[in-house]
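Heads up, the thing below is written out as structure tokens.
Per-chain residue numbering starts at 1, and chain names A, B and C are given in the order in which the chains are listed.
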Amino acid sequence: MEKTLWKHVGRVREASPLVHNITNFVVMNNTANAVLAVGASPVMSHAHSEVEAMVGICGAVVVNIGTLDEYWAETMLRAAREAVRLCKPWVFDPVGAGATPYRDEVSAALLALRPTVIRGNASEIMAVATATANLATQNMRGSTPVTKGVDSTAESTEAIEAARRLSREFGSVVCVSGETDIIVSGERTVLVHNGSTLMTRVTGLGCSASAVTGAFVAVGGDTLEVVAAATALFAICGEIAAEDAPGPGTLQVALLDKLHNITGGEFAARLNIES
Amino acid sequence: MEKTLWKHVGRVREASPLVHNITNFVVMNNTANAVLAVGASPVMSHAHSEVEAMVGICGAVVVNIGTLDEYWAETMLRAAREAVRLCKPWVFDPVGAGATPYRDEVSAALLALRPTVIRGNASEIMAVATATANLATQNMRGSTPVTKGVDSTAESTEAIEAARRLSREFGSVVCVSGETDIIVSGERTVLVHNGSTLMTRVTGLGCSASAVTGAFVAVGGDTLEVVAAATALFAICGEIAAEDAPGPGTLQVALLDKLHNITGGEFAARLNIES
Amino acid sequence: MEKTLWKHVGRVREASPLVHNITNFVVMNNTANAVLAVGASPVMSHAHSEVEAMVGICGAVVVNIGTLDEYWAETMLRAAREAVRLCKPWVFDPVGAGATPYRDEVSAALLALRPTVIRGNASEIMAVATATANLATQNMRGSTPVTKGVDSTAESTEAIEAARRLSREFGSVVCVSGETDIIVSGERTVLVHNGSTLMTRVTGLGCSASAVTGAFVAVGGDTLEVVAAATALFAICGEIAAEDAPGPGTLQVALLDKLHNITGGEFAARLNIES
């Protein structure tokens, strides 16, 4: 797989797919910039009056519940349904799942629409796995939250069983972000060891990675491999950006630069995956 | 005109007008920073409970439909109406017009309020010209979208006829952004050849240019010339910022710096316009 | 007090409190990044369906009315009430108070919930003091606005009497931002002389300072001293960041870096307070 990941980066740059992001207010700017930096084209739109029309012209949909409310939750469900109806890939990022019962309810409803990709940190992946399991037993409100807000309190390796369960139940590729990113599809697993701990001190880099993943699934191919390519690209660029960064401000700027100008040689020299 | 454009930059810095931006979630931060960097003062406010009051204390209003919804569309219409009632200039940026019928409907309703300035990329300008033409023949839903999301798929020169039509019909100065920015007022045309293609890889620079245009029309003067000044300033600063930028992250930061510290000498040395 | 302020910085880094920000769209990204940079953990959430639950898991709540509307105002009131009910500290930043009657109404309703900290520029502090005084005499609509949008038109020293009045009436620590930041608690006053005028050319640094203040009050201690620590940290980091910055773009990036990596030695060498 190491030898083929870079070609997906080139395909995104060439096809420049339109990615419909229904995401949170905190990260909209960075997310749009990350999608542009990898060569794709972002659009953000949430009005009930146009959500299906916008899904109709896009290559993929990304749903991120970071600042959800009742209006936006309806938008997200309608967008996911329309993506499913049109057989377009969609990515679900359950930001803050486990923090409140409401997030778990909305997450469970979205999961039922079988996301192409589920991408979150370990706490979130474990929370949505619990939420859907509890939903099945009518006991969701009794779940123990494992999330502290939107930052993970769990290690990504702890979440691997939850990821496998979600992948089996919903047919999704599941990406658990962390010091090692873990990508699961049924029984297959890919580990991406790139990245930098300084990335956790910049808000919304996980959200940006999910949006970039949307650009990659929009161009098609084996989903596990495509998600691994997006994940590795983002982690490698963050790793390079962090090396000379005195802090998170510079990291964020340098990451956008690197997503834009990274070469196949830089990518190959850094890539550290197990599959 | 070359000799007089810089004085408008000085007038904005001196007057520091208050600019009311009703804009999209993706670009609010950058837009506010761009307005501050040119020496003006931004305010963002959308509540129905205060929109007219806020228009009342501002020097100009900027309406940008990038992430519109039903509530915000009502805000935009009320703000534009109040600006018209108070004879205050207002700028319309029809982001993503042509992408969905809803955007075209809202755009047509806003255009009917005769914006002082209409500013968009070629796809958007052509889309709103088509939308208003179709509206006249009750056939809008049948229009062929020419927009791919929010990024232009047309060259700005293709849009010049659409711009002339909009200018004649609504009495607006129309600015078509692109590799060459084209500014049209009735039969008069100004071309601005400054800028950098890297600017298209940063989200919302067009939105920021529209907001800066709002600051310039707030201080008054011949509208065509004032819009040309704002357009040239933004393009020149982007051109300078792009020269040493390894990517879009750095460009965005350097552009804000340059909007703040550009001198008359730097401006004059770069200015490349035809009028 | 000079000798003890730094320990609060260390306590925030160690405890990494969760801070619930109900803030404006313009500054959400920077605010979240500032909270992360000082070592705390931000969450942003506004849905009526989860606001109380989110307050329940957080160490402090920050309410900022910069882009308020009817839905968000309800969220803010519910969050503040829940914070009071749970005896959690909450910070109120009355952005743009005085600009419209609606902002004054909502501000007065929030003040009645007795914020732990009120933090704003001189115009805003004077406006909310007037609004609450007028409310008492049923004459609020007749108040003379002293605010130009969201940027202060008054000197912070002019606001000191208003701050004292608010502190006495609501039991709050009041921080008036400006060239000198003034912190008032009853009869006690602390002046922080750090900072840079270039900071006023970056949008939302006041909002970020309020969010950082939320992180500091979340870890407890004498509130006046804790607010002074947060205020001094932010001002010192801005001062350092501004020194080599050619403009506001670089300042914003460098400020986040410095909030992350400032040392006790740098802090002590710069600290310039009177108490």
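Throughout what follows, contacts are C-beta pairs under 8 Å (C-beta built on N, C-alpha and C of every residue); 3 or more make two chains touch, one makes a residue touch a chain.
None of the values given here were measured: they were computed from a predicted structure.
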Interface residue overlap between copies chain A and chain B, same or different (over half shared): different
Rotation, 0 to 180 degrees and nearest 5, that superposes chain B on copy chain C via CA atoms: 120
Euclidean distance of C-alpha centroids - chain A vs chain B, Å: 33
Numbers and ranges of chain B residues touching at least 2 other chains: 25, 29, 252-253
Interfacial residue positions of chain C with respect to chain A in the complex: 18, 20, 25, 28-29, 32-33, 36-37, 41-50, 53-54, 57-58, 71, 252-261
Contact set on chain B toward chain A in their complex: 24-27, 29-30, 66-70, 96, 99-103, 145, 148-151, 201-204, 245-250, 252-253
